[in-house]
Structures are given as structure tokens and as C-alpha cells.
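Structures for review follow.
Below, chain A partners chain B and then partners chain C, in two separate complexes.
Now for the complex of A and B:
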């Protein structure tokens, strides 16, 4: 009798264990699937345009364009992904990037007109740091509003988006500012073994955020916050500190994106990248980020960025308009979501 | 004046203040802004300013009604500017290309039929596949704009059909003042009628109550027998028609059909509606609050210019106001929610216009 109970108990435990292994495995496939899906889509898009327009599409100029245009969007998309992972969203991230770029450009111009161009150019590093500080400060404001005051992320960042963007309009007078440290422009044109330096910035950011999310306790706290805020609070995780850290990091990423803006083009304005906010949401979701929080991979988002850039430049190589690209974007996004729904019906949301 | 306001007066204005969605605070703030501006710039307090505020608010007002319907049902729609442009531009482009003038009603009917179709696409994707509304409308917004430029046309139409063009200068009231004659535009009339209809529909029809219920909790709505999918589809079709109407009014006011018009207004409109007390989580929001929110934004935009503040400050001011509004709400709801979640949840579901 006792034996049988023990046996049943053991079986039950074994069953539970097996089920855990199974769910774990399924979960892994699930994450891998969206990364795999993106990789397949990227390869397919690349192959299609290579076959259709090999001369133009495979030209080194076209590949350079992809590698130069992808970083700023990729960094912003990773920032968006981190906020979505925590169950939120950041509509202000593009205006944060512009705030960083505008601060650097204005300070540079002020210094060079008062103390000479040489001094201003020699201050490239401190100016970049200044831009990053602006990004961190703006992100911290978001964090305070969300974590301390308790405003919903989408509303808090909708408000700060208007506030930051409005202040940028005031400061710039609605004009485009010209001028950036020479070092930044050099950065924008430097290549290592044919790979643009600013593309390497994207790689570094992606690796850093990947390590943060998969290896460091803060990353797990961000993930738990998005997966189940209540449960994570009951396990003793302070959601205030997690959210504050999340949005501050996202502010830093916005600041970095602003530096990339300036290295590509030595000009800054409040209106730059007006369509980026919605674009980076599209990319984050395409890259397998669950918009309800709790699930996302950096690799998926980077692949999605590259995929959309390949499609964009492929459309250009095919002489299709940016409007047709916008249509393709919508179809890809909704198609991917519908496919996800049809495959995983009821299993996960 | 819409029904909730009348209701409030009947049952004692003070006892119901500030209203279920803080409409009272908003109205007080609006009056305060008007008072301060009138003191700072005497020219502000005039019929002319009032009419120009109304004129400027007409298009945001219509879009805000559509956004309100979506927010109440628990969604977010960023595709309404695309639908507005697609429907209004296509209606005009299709008729002018054939050299016919469908007439005022014909043009509006054509545009709104197109708007209904585009709204149906949103509604089916959202209701059938249960996809997040923000993501679906992001996708369809890009698709609609791209499809219009690709298949309908991309040229700027400077000459509207006569039936539409003559509306742009028609007024319903014209008053002679010492500063000259001032007009109230005729398109205010259909907008007011639509507003009253939406207010009544949200408050007194099954459809309106179903929208609130779905926004409060879709699962609970389904269990009490509300046809969630059908209600959602009808709702997005309606919102599509409203967007088309707004697009037509915008075109008539601007006296041209520009395929690049109305870019980037989606988040500003959502901000005005949220300022008006609608909850981004659904289940809460009123027509009166929304109208007050839109008017407040418009008055601020108008008055800043008059008192000599550069227009550049408009955006920052509205952003700050939005943060203060939602911040105050969040701060007030913070402590009780921790102490007794049920006590706060219950009125939130009931708190409909």
C-alpha cells in the first residue's frame, strides 16, 4: 500500500518533471521560432531582391546604405523592446534621441562661435557624454512619472513625447540646426573591414542589452515585471526600482541613437524621425516582442530591423516608391501577427 | 449642450461635481484659461475668438469622437488619419477624374462608404484574430496610406468639386462687430448633431452600453451575452465613417485635397481625448469630457498666440497639461487601489458617461 502510494507519488512527480521539461522545451522553441522566423524572412527577402536586381541590390553602395540606415532604427527598436518587455511602451524615445542630438549640436555651435572651431572639435567626447546625460535625464523623468507617480507608461510617454518635442521646438525655433563635432562625422564615415563604425555601435548595444536581459538580475526583474507584475511584486521585487531603471536605460539608448543621428548627418531638428516612433513599434513586435510584456529577444529585434531595411532598400532597387514600402510594412506586420495567432491559437498571448 | 450636462443640472450641479470623469475640473480649467487670457489680452474675449476656436476645433472634435469610441471599448486606433485621407481624397479624386460632381451629400456618402470599408478591415482583424488594436491599426495605417498613393493617386487637387468648394465659405451665423464681420462655419451644425447622437448612443443604446462593457472587461461582457465580436466590428466601421467625415471637413476647410494631409495627428488627438477623462484601458470616458478636452487644447493654442507666446510653446504646454492631468489622476488613485482594489474597481466599471 505504502509502496504503491510512493510509487504513484513518484510517478506523479516524474510526470510533473517531464511536463516541466516539456513546457520549458516548448517555450524555447517558441522564442527560437520567432527568431528563426525573422532569420528566414531576412534570408528570403535578401534572396528575392538579389535574384530580381542582382547588380543594384548586391552593389556595395546598397549594402552600405543598409548598414548605415539600420543602426539608429535598430537602437530605438531595442529601446522600445525593453519597455515592452517590462509591460510598457515608450512613445517618447524618438524625441529623447532628438533632444540628445539637439543638445550636442547647439552646445558645439555655441562653443565654436565663442572659443573657436578647434576647441569645439576637441570637446567631441564630453559633448557626446552631455548628449547621453540628456537622454538619461529624460528617461529618468519617464521613469519617475511611471514608477513613482504611477501614470500608465503609454500616457506618461505620450505626455513627455509632446513635452520634450515641444521644448525642442522652442529651443530650435522649429529650424534645422547644422553643426556637429568633426569627430562624430568621422565616426559616421569610418569603416572597419567594410563594416561602418555606427553599425558596430548597434552590435555593441545589442550585445549589452542581451547580456543585461539574459545574465543580470535587473534583466530578469524587467522580464518578470512584464510577465506578471503582481506576482513579481509578491516575490519581493520592487516594481518602482525596476521601472525606474528600465526607463532610465531606455533614455540612455535614446541618447545613443541621438549621437548616431548626428554622426550620419551633422544636423539636428525637433522633427527628425517623425515616423520612427510607429516604425520602431512595428519592428519590436515583428521581432517577436510580446506587446503585453514578458517576452522578447534582442536578436529577434535586430533581425527584424535588418529585414525591414533590406525590404526598404530592395524596394528602392526595384524603383518602387516609399509608399509601396509602407504598404509592404503593414502587410508584413499584420501577416506576422495573424500567422502567430493561427499557429499558437489559445496557447499564449 | 449634451445630455450628461443636462442630467447633472437636474440632479443638482454641486452634488455631482466634478462629474464621473472629472468633467467639472476640466470645465473649471477651461474657464480659468479663458479668464486669465481675457485679463492678459482684452482682445481675446470676443465672439471672433470664440468662432475661430470652434472653427479650429471642428476637425479635431470629429476625430476625437472616433477615438473616444475606440478608447471606451478598450482599444487604441492610430489609423483614423489614414482612413480620413484615403476616404476623402479618393471620393474627390474618383469623381473629379470622371468630370462629375456627386453633389454635397453624394461626396460625403461616397467618402463615408469608403471609410466604413476601411473600418471594416480594422474591425475584422481586431475582432476575428484578437490582435492588439494598436498593432493592427499601425499596420493598416501604413497600408491604407500606401495603397491610396499607389492605386488612387498622389497628386494635389487644388480645385475641389463645386458642391464642396462652395461650402468652405458658407456660414450659419454671421455677426457684425466693430472689428468686422465674424462667421460661424456651417459645418459646425452636422458636427454638433453627430456629437449629440454619439452621446445618446453611448448612453442609451445597447450598442453603447456594450462598448463600455467590452472596454471594462471583454470576458465579463461575453459572459453576460454581449456579442463582443459583432460589437467591435460595428464600432470600427462607425469609427471609419467618422474618420471619413472628419477628412471631408478638413478638406473643405483647407479648400484642397492633399494626399499628404493629416500626417502625425493621431497621438495629439488621443492626448486630447485622454485629457478629457477617457481611460486608455477602456470602459471610461464621456462625450462631454472629450469635447472639453478638445476645446481646452484649442483655446490654449489660440490664446498663446494672442498673448504673444511663440507658437512653438503650444506643444510643450499641451504635453505638460496632459502630464499634470493624468498625473493627478494616477496620484489620487494610487493609495486606495493598494488598500482595497475591489472598492476602486467597482465604480470604474460603472463610471460611464
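Now for the complex of A and C:
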């Protein structure tokens, strides 16, 4: 974040030796490497599938599918990235999203069966807010366990993941619930200039988190916390407040993802997106997030999301199975890490 | 300055070159160690001392050069071949197992080395007892290492080295945490080891002490060999001159502080059970107060309590005349206290982040403007002004702090606190790992800050530095301030005597 500020400083001191300018330039590429790498990978994947199956892949249906499937995964991946930036992880974020969706769906169904469908539909906005409140509350529970009680994030959120998921199973009886405010379904089918509205939700979330990390002191504190928790403490930054805020915000993002679930499909269940948790970890890391904390970009994560969506729909276009897609995810992740290692070996020291 | 070695050296390094990413850590350095000698290796941080030791002990591989140990030529060593050749390094932290007993710690490496896959508690005891008796030490073999004093831990590490048939023992800063009596005991043991034919390399910045036992001395500067000679031919100033390549001003420069100057920090009856008790401390605006004592005396704990790291349980603290309650670090920062920690690398800096990010770490919140958005232009202006005021030397502020020298990195930590405009600045070991040139510049920064009205507390075991900069020096022993030196009483010898008393 500050690099961008400081770059201006570097330029202003124009008298710096050429070699310094050069090493600085190399360093900048290094910093933005993951973003560049993901952009290149995205273009490459797009090109490959376009060549292999131009008719299917470039069809507007296929592009719509990508733009509709990407937002929920993208928002969850951004949430995962924020926790990783702080040096933690949130395994419960998908359960939080489901909790939000289930709460909205159940309340909607309850209202519409007692007071009529019209009233229930007119309550779309309050219902969405209710879902977001559920997300915030669940995130705050994670935050309390991690920041106040001091449980390691991976264990705390593993626990709450099981807890939230169990509660959801009990409440829904393990069934898939049908029913969501009509407004949400409308949202899911609306497009602006061909771009689905829910894709714009992803864009808004990405910009908001970008502003948080770049322009708000909390964002700086989250990053300091992840870069070196000890130095952060010795700089007078309260890890309790920082982590509480981090996980609460991530809970909110989970709640938003739940709303997107319902917009795409007016149904909710406890086991929706069962494979998402690991997928969004993969995306966050592919997008350049340092799993040890302190380093991440929103742009990188968004590009990684799109990249994997392109691969997914490309595999569908090629009639390959979801198992083969899962393997491709693994290959891409390991490939990116190996590339990182090779490049790091060449340039470090 | 070449000494013609009459006896064959036990260790000889010829023309060692080691580069890290194009930077010469060692540039054609040669070094010889004679049988039964104590050889002092002196040099500033970054002079190549630690790289040389790593090459001897096989941790690092030289780019070129030859290592001759016990008559055998090697292009490089591995840790295993170094140990097999009788090389043992005793690091500052001793690398002991705190949860095992003294006997187990001493015998463990020997039992591993002879190829035993199974550890035998019964066999451990006689091995350990043998060496302890042989050296005439009073070590409790059954004590847990965690419970030992620093001096006893050091003895355990020495015994462990000898059990592995050490011919060459390298000791890194062996006297830093020892009392005067313990240093004397250590040196007596060193002479006994010499008489057994063991050669020792001492790496130390406490040159006075080390020269007492060393026969020869080698000085490195910026990765190159500068001098080797008989220890008796040099005094401290001569060595410091060789280490830095320039004359260093160690004279005392303190500004006059009026007796009625406002009080920046007042501490009364501060205590925390098991750490320190009854600490009274007054620091006036414009004053630099030194706090010293042996490692483990409680000097650092007092500073950490004032900064809220581990808060005191009794006593009061007032900053600028206002009583403050300090239960956490944010409390202390809000009260106007800054703290430059001893462990700069882990507690002071975000190594992979830019200089700018590091400098602003303690003060980001202050730059929040409308809608809580940070005013980046103002932020950068502040960062730049502080960085140039402290003369942080870097091509630009987006450089990662990891790439800075010790002196520059410490300036970054200082800058971080000056950004908060503190009333009181506590510094724990402000010049540890900083080269002599930067050292006097850092002290000059502290003088400037004090003159501008800040109260400064320096916690340090670098006595010439305390002498050079402090108006008063307080000496901590067993968690209490036992002595206060002011004015003409602040002298290097006096401080040394009182600390070791």
C-alpha cells in the first residue's frame, strides 16, 4: 500500500543513480508479480479454451455463466484473503454464508406462509439486512474466540465451522429450503450492459476491501498484524481490536456471499458450497496472498477467481468432469508455487 | 604484522571468499589458530565475524579458499565434518535443551555422535560426571537446564563441547551476561582448557575483558582482514580504530538541564513480583537517563513495565506531570511514551515491508481525515521529513527494511516513534548491532531530541555509550535501583565497578 505512496517519492528524487532506479523497478515487478502472473494466466486460459472450443466457450451463455458463478466465490476468496493478511484463516466463512442464506430463506418462508407472499416480498431489504447481521454476528463470535480468548484461528474457525454447520443441519433438518424474496431473484437475473448485477456486487466488495486495506488505518493494522504480530504489538497496535474487526468484517462478507447464493438460486441448504472452503484458500494463495500473513492484493484475488472460473467453464465446454477440474486446480496451485520457488531461488539474496 | 607460526596451526583459513548476492561478506580473509591459544576475533557488526565462524563450523560454504583443520585440507566443511574435526561453537543462547537435565544435555551429542540410536539415561550420567569432575566444576547434574543461571548454562555448554572431543571452541560473546566474579571464573576455566591443548576463538565486543585472556587478536572490517597480532600490543582505542578505520569520538557530551526543568516521566514505587521492586525514577525534559545492570538484573523489565508490555502490579507512573494508568502498550503510547525494543528484528521492524510502512506503523491512526480515509499526502510528507531528519540512508522509502544496515534499521525504529511525538522515549540497547559510526550518530539524535524537550531513558550495557550521552546513570541489581551516578561521578570505571559489585 505505502509502496505506491513511496514510489512517488522515489520518482521525485530524480537524481538517484540509474542502478537504484533499475533495482527499484525490478522490485516493483516483484511486488506486483502475483497480479501480473494471474493476469497472464487468465489471458492464457481464455485463449486456450477459445482456440479449443471457440463456438461453445465464446458463446454468450458461457460468458454469462462465468460472470454469474464468479461473484460468490470471489467474495468468499476476498474474505479468506483478509483473514490470511492478518496472519489467520477463516474455515467457517462458507458456513457463515449458508447461515445467512438459510436465515433469509426461512424467515421469508415463515412470513409468506403467515402473512402472505406479497408482504414477504416487500420485506426483501430488511431480510437481506437480517442475513448480513447473522454474518456479522457469526464473524464476531470468531473474532472473540481468536482475539479475546486467544485460540489459534485455524482451530477456532474449525470449531465454529462445525458448530454453524451443525446448527444449520438441525434447523433445516438436512433438507434444501426453497424460497427467497422475489427481489433477490430479480437481482440475480438483472444485467447492466450485459454484466450481471451480482458481478457488480463482487466489484463493489473488491473496491470496498481495496479501500479498507489501502486507505483506512484498520487496513494498515491488519497488515501489520499479519506481517509481524510482535512488532505490531510493540508499535502500540492492539491485536485484540484488530482481529475482532478483521473477523467481523469477514463475517459480513460471508453474509453478503449468502445473499448472492440466494440471488443465483432461490434455495438454501447447510451443505451448499461444500467444496468452496478449500477452493477459496487456493484462490487466495494463487492471487498472491502470503499464507503466513502481511501480504495480499484484492486485484490478485479477483484475477485468480476469474482465472479458475474460466478453467472451470472451459473444462465444462470440453466436457471434462468436475474431478478433472479439481485436479486442474491442484496442478495450477502447485504450478504457481513451483514457479514462485524457481523465481525466488533465482532472484533472492 | 604477520606472525610466523612456530607450532603447526590447528586451524588455518587461506584466502576465504564468501559473497551473498554480489556483496562480499568475506574478501580473501586468512586466519590461523595455534594450538592452545585464545584468539580474539574483533570487528563491527557486518565485518564478517559471524560469516567466518559459520564457514569454520560448516554452516556456510565459502566461494573459494582453503580450510585446513588438523592438517587436512577442505574446500568447505559441513556441520558434521566440523564436529568430527573437533570444532564446537558455543552460541550466545547456548542451544541447550531447557527441559532436559544438565547431565542429559552434556551427554546427548556424544551419544548421538558415537552412532547410538537409543539414548541411555544410565550411560549419560558417568559421561557428564567425568567431565565435570575433570574440570573441577560445581554443576548440579540433575538440575533442569531451564532453572540454571546464565553462567551455569554456559558451563553446561562448555562441558558438552568438551565431551564431543572439542579441539577448537568458538565462543560468541561469552561474557555479555556474566557478573564480574563469573567472568573471572570463566577465564580461569579457559586457562585450564588451554592447558589441555584446546584452542579457543572469542568473538566479543567487550574488548577489555577479552584481551585479559587472549594471546592473539584478529580484526576484520567490511569483510576484509585488517590486522593480526599479539593481544598485548593493542589497547581498546587502537582496536576500535582498526575496527572502524577512523577515530571515534567517545567523549562525554551532555547539555545542561536546569534543575527546575519540567518532569517528563516520574515513576514511584514501581514493582512486579519476581522482576523488580520499589523503583523510583524521575526523568526531566531534556534529560537522558541511563539504566544499566547485568543481563537479568531487571533493567529491561522495568522499561517494559513502563511501556505496558508486562505492566507493573504496584506503583504509579506520571507522564508530563499527569498520572497515567498503564496496563497495556496502547495505554503507554496514548500517554506519550515510545519504546525502542532490544530485539529490533522481531519486535521493532516489519522486515519485508517498506521503510515508509515501518515509519508510519505507530502513527497511522493520526492521519485519518474525512470519512476515516487516510490523508496519504500528509502522511508521506511527515514520513519524508522524519526520515530526512534522522538521515535514513536509502535510495527511496519503498525499499524493504530487510535490506538496511543495522544503523539505518535502528533509525527506522526511532523514526517510527518520533512520528508519534512522544514525551518520553525509552530505548533498550539503542546501538546493539549498530556500527560504531552510526552509533555516535544515534546518540547525537538522542541528544537533539532531549534538547527539544523529550525525556529519554537509555537501557544499555554499553558503558562507554552511557558515559558519552547520559546525564545520570542508574544501576539495577536484583530488580532494584541500587545506585545513582550523576555529574562527574558518571565515569566508565565507576559504572563498571558498580555493575559488577
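As a convention for this text, the second predicted complex is superposed on the first by the 318 of 349 C-alpha atoms of A that agree within 3 Å, B and C clash if a C-alpha of one lies under 4 Å from a C-alpha of the other, contacts with A are read in each partner's own complex, and residues count from 1 in each chain.
Everything below uses one rule, namely that a contact is a pair of C-beta atoms (placed from the backbone, for glycine too) under 8 Å apart; a residue touches a chain by one contact, two chains touch by 3 or more.
Here the structure is a predicted model, which is why all the values come from computation and not from measurement.
Peer 1: By the touch definition at the top of the document, which applies to A:228: first (chain B), second (chain C), both, or neither?
Peer 2: Only chain C is touched by A:228; chain B is not.
Peer 1: Figure out whether A:166 sits in contact with chain B (first) or chain C (second), or with both, or with neither.
Peer 2: A:166: touches chain B, not chain C.
Peer 1: Name the contact category of A:237: first (chain B only), second (chain C only), both, or neither.
Peer 2: After superposition on chain A, A:237 lies in contact with chain C alone.
Peer 1: Check whether A:140 is in contact with chain B, with chain C, with both or with neither, and answer first, second, both or neither.
Peer 2: After superposition on chain A, A:140 lies in contact with neither partner.
Peer 1: State whether A:217 touches chain B only (first), chain C only (second), both chains, or neither.
Peer 2: second
Peer 1: After superposition on the shared chain, which partner residues are touched by A:117: those of chain B (first), chain C (second), both, or neither?
Peer 2: A:117: touches no partner chain.
Peer 1: Could you look at A:295 and tell me whether it touches chain B, chain C, both or neither (first, second, both, neither)?
Peer 2: The second partner, chain C, only.
Peer 1: Could you say whether A:182 touches chain B, chain C, both of them, or neither, answering first, second, both or neither?
Peer 2: Neither partner.
Peer 1: Residue by residue on chain A, keep only those touching chain B in one complex and chain C in the other, then list them.
Peer 2: None.
Peer 1: Tell me, which parts of chain A touch chain B in their complex?
Peer 2: 91, 145, 149-152, 154-156, 158-167, 169-170, 173-174, 274, 277-278, 281-282, 285, 291-292, 321, 323-331, 333-334, 337-338, 341
Peer 1: Under the stated contact criterion, what part of chain A meets chain C in this complex?
Peer 2: Interface residues on the chain A side: 1-3, 5-10, 13, 16-17, 20, 23-24, 27, 211, 215-217, 220-221, 223-224, 227-228, 230-238, 294-295, 348-349.
Peer 1: In the complex of these two chains, what residues of chain C are touching chain A?
Peer 2: Chain C reaches chain A through residues 20-21, 309, 328-330, 332-334, 339, 341, 346-357, 360-362, 364-365, 367-368, 372-374, 376, 379-380, 383-384, 395-400, 416, 420.
Peer 1: Which bits of chain B are touching chain A when the two form their complex?
Peer 2: 76, 78, 125, 129-132, 134-136, 138-147, 149-150, 154, 263-264, 267-268, 270-271, 274, 280-281, 310, 312-320, 322-323, 326-327, 330-331, 333-334
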